[in-house]
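Below you'll find the structure, written out as structure tokens, and then a few comments.
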Amino acid sequence: MLYSDKVMDHFLNPRNLGTIDDADGVGEVGNAKCGDIMKIYLKIDNDIITDVKFNTFGCGSAIASSSMATEMIKGKPVDEALKLTNKAVTEALDGLPPHKIHCSVLAEEAVQAAIADYRTRNGLPTDDIPSCNGCCGGCHSHDHGHGHDEE
Amino acid sequence: MLYSDKVMDHFLNPRNLGTIDDADGVGEVGNAKCGDIMKIYLKIDNDIITDVKFNTFGCGSAIASSSMATEMIKGKPVDEALKLTNKAVTEALDGLPPHKIHCSVLAEEAVQAAIADYRTRNGLPTDDIPSCNGCCGGCHSHDHGHGHDEE
Amino acid sequence: MGYIYADNAATTKMSRHAAEVMLGVIENNYANPSSLHTPGQLAAVQLAESRQAIAEILNCEPREIIFTGGGSEADNQALLSAAAIGQRKGKKHIISTKFEHHAVLHTLQKLEKQGFEVTYLDVHENGIVRPEDVKAAIRPDTVLVSVMYANNEIGTIQPIRAIGAICREQGVLFHTDAVQAVGHLPIDVQADNIDMLSLSAHKFHGPKGVGALYARKGVALTSLIEGGAQERGKRAGTEDLPAIAGMAAALQDAVRDMDANTARVSALRDRLIEGLSAIPHSTLTGDREHRLPGCASFCFEGIEGESLLLLLDQKGIGASSGSACTSGSLDPSHVLLAIGLPHEVAHGSLRLTLSPENTPEEMEHIIQAVTDVVAYLRLISPVWNDLQKGIKNYVIQ
Amino acid sequence: MGYIYADNAATTKMSRHAAEVMLGVIENNYANPSSLHTPGQLAAVQLAESRQAIAEILNCEPREIIFTGGGSEADNQALLSAAAIGQRKGKKHIISTKFEHHAVLHTLQKLEKQGFEVTYLDVHENGIVRPEDVKAAIRPDTVLVSVMYANNEIGTIQPIRAIGAICREQGVLFHTDAVQAVGHLPIDVQADNIDMLSLSAHKFHGPKGVGALYARKGVALTSLIEGGAQERGKRAGTEDLPAIAGMAAALQDAVRDMDANTARVSALRDRLIEGLSAIPHSTLTGDREHRLPGCASFCFEGIEGESLLLLLDQKGIGASSGSACTSGSLDPSHVLLAIGLPHEVAHGSLRLTLSPENTPEEMEHIIQAVTDVVAYLRLISPVWNDLQKGIKNYVIQ
């Protein structure tokens, strides 16, 4: 099957779905042209992520990756959340199809973007956060042929 | 099916099969290299073909064409037998597959060769008999592709 | 309600009749049609009869049909054959459209690398090629026009007869990829002025892995597969007689029942179109009138197609988004872009393609499910959020 | 006694098991493996399982197998892929043999027209290529060696492992057309040093119209059929899953039963060889030892093969002469000429190819029938007449 049971579970029953009106940090990455947008909302108290929500426009693995990423950072100190890698997200999902790895990259970047927003709002340094160009690398590096089948 | 009922009948129950020891004319055309040899034996009485026999090395349509050709000239005056065409043989057999037409040509040529032999033995002119080069044209004009299938 | 299969443009279920014919050949007529013995000759007879049956339906001669391993192979062979003819005549310009199937587009790209020039015609917002555009594009060095009979993603039917007439008049070869049309629309290669036509059995309830290429007498085919002289030397390989006979049976049935099937299936489709059009900011893709009887294709703003498909699947509905595509959300369909939809909207596409097996109850179920799923996905979509807040503007009103 | 089918090298009857698997897929797993919905994904799973099964048997990785529309297509693709590699490297010399199948020979001829040089190795009187001949023929610009695993007309088995070792050592690609061998002989692409291998399901009681090409990882394939990205972009077209699953099942059965089948079939074959050798001026064609278990091939002096076949058919025996060939008596088999038989003898060939369905009683019937028919045809043969009278000399003593 295309997706692991874990991915399907997070896709069908996404954790932390929604928005936070009075969020302390909001990050949005991807763009509609590429077909994936993730938006992550953080509540941060004492450098601890006390609440997190997401909205995602995208494929099954994009939604599942967002859901998993929010689970993985919830209750964690910001510094630890910053260390979340796409690899960790992918592993936690029991893997993603090769051409879907970029979705986990997007989740990593969305978390970073939300934290960067939080830091900026609070006058904190952001130089340890890799800057995201607003669209996952996957979108443009997609080459014809890797599993891109059609009838 | 490959062959008409008429061809199969003449192949399975060839008429005039055999040899004539004291033949008045014998004609052999084709060669083993090409895969078809026809030999026709004539008894001629008063310029009438009173008996005819054949031996053939060759495919189903070669045997059927020989059989049909001997039937068509038996009891006929030599001059009339000379007019036997491959077209007439093919038609009498209700047709041959395109790549087998050369077999009927061979039958026509075998009859002509036998009559030429008879005329030569009897000092009669043979200039109205087309000379046969000993191998049917079909053998060398065979080009790859006309129904030459294989598994 | 059982699982609703609404992806018949991707592939169809074989009809019971076609499967029985196939099984009959497998059991009783399994010899090689090239063999001289009786079993082989009986196979050759069945091969000839299948060819005859298909030729009658297309209105051509049996010798103008060669059997292939499917629609893609037929498309490839048609284009490469025309290119070889063009090469010999020094004509290296080909006209096609922007929304052909990849079997055509990728072959054209290969030909471009070999020095051919290809004009890809617009298909306009309604997804229909204009014959006058074809006419205007023809040049003295044009060897071929290739326009599909009906599009596989949006179901639009092209004015093949008119395009064929222009090509005939201008002395240009005309190929049509009729993979989605054969068995669903009446086709007559003479009346339609078609020089080459590709078809594929699994799109009309026949077997997979088999198709045919019609090539008008006098159009020299180049063989892709060399070897034995099967198919008059134009396609080597032991003939897949069970599939070929199954294809002929399926096509005969499809043509016999075409009027009844069209009436039934287009009524289902019309109900779908009606029901789904009620979803706000949705649009039918492709012309409303000139479309395959079984094809309803939509775009919904603010959502992405793969998640839509997966959630519909959870609700027991098998559909597709653009073309069946496991690459997910990366490449939006070239067809939807060709009809002028922006990328972000093209991502939110849904294709429902019906067969006579579908029922009116299923349509109601689909309408309800799509409505619910679209609403849910919009709820969780940051794009929809922005649209609603007026941060972005709707493309689909 | 019913009709005796002894033409299994032309094609086999599908096994009941393979037919049942195929029918099961047709009925229950008919979706397109590229579709995202559950039925499509279940089809994708079955596709992957079939690939896995075949890969295990050949001892390679699943991704090293691509499915094709048959053996000819696999052969064509293997050679054209190697040629493309050679072209890139400036290596335009290919080594093959004089008695390959036409799917190989005609592709090589096409490559010769494109500037490749081909060395066609001798196969000697026993119909076996000598590894040292291969070694001697390799040049710095040799890109490929293609030698069939077993010959389809005379059944001789080639020293593939030794040839493969030479190629590996010399850094030359090695392809083998194993269409007649797969399912009948143990094959291990690793141990045999094979880079590319072609197989075809209908030669081992699987379905027609489906085959596979094994290509070692790192050997870049060129696609013959462009379009969708099925088969990792190397062979477009909706996968023929029923046939692919049927092929996997047939191959698994063939390999599981190989020892038993070999014992049974080679005993039948040996009896045939013994019985037919008693006909005067007859000869077994090809090596006595290194031959396919089911293949008995003969030449009879003084007669022509087509009439022999037709008369055997009348007696209820389906056989072939050389390769199954409807051209009748014009072209003698290139295989028989390659093993040094003169044209006139090559015309008198008979190939009997057995399956485990054949019985010892059938062998006795065949021996009697062939003996009778050969005697009859000699009786009416002017060539035999000349031989008997001493006007010509026997070639076969």
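Just so it is clear, A, B, C and D label the chains in written order, and each chain counts residues from 1 on its own.
One rule holds for everything that comes next: a residue touches a chain if its C-beta (ideal position, glycine included) is under 8 Å from a C-beta of that chain, and two chains touch if they have at least 3 such contacts.
Everything numeric in this text was worked out from a predicted model, so none of it was measured.
Chain centres here are means of the Cα atoms, and by that rule the chain farthest away from subunit C is B. Centres computed as Cα averages put subunit A at a distance of 38 Å from subunit C.
With each centre defined as the average position of its C-alpha atoms, the distance from subunit A to subunit B rounds to 87 Å. Centre-to-centre separation between subunit A and subunit D, using Cα means, comes to 54 Å.
The multi-chain contact residues of subunit D, meaning those touching 2 or more other chains, are 10-11, 32, 34-36, 102, 227-228, 238, 306, 310, 320, 324-326.
Counting partners per residue, subunit B has 2, 146-151 as the residues that reach two or more other chains. Arrangement of the chains shown, judged by which pairs touch: an irregular graph that fits none of the line, ring, star or complete shapes.
Chains touching one another form the pairs A-C, A-D, B-C, B-D, C-D.
On the subunit A side of its complex with subunit C, the touching residues are 2, 11-12, 14, 17-19, 28, 31-39, 55-63, 97, 99-100, 102, 138-139, 142, 146-151. Listing the residues of subunit D that touch subunit C in their complex gives 3, 5, 7, 10-14, 19, 22-23, 26-27, 30-32, 34-40, 68-73, 75-76, 101-104, 106-107, 109-110, 200, 202, 207-210, 224-228, 236-243, 306, 309-310, 312-313, 317-321, 324-326.
Those residues of subunit A whose C-beta lies close enough to touch subunit D in the complex are 1-2, 144-151.
Residues of subunit D touching subunit B in their complex: 9-11, 102, 152, 302-304, 306-307, 310-311, 314, 320, 323-332, 342-344, 347, 377, 380-385.
Within the complex formed with subunit B, the subunit C residues making contact are 32-36, 41, 44-45, 227-230, 232-233, 238.
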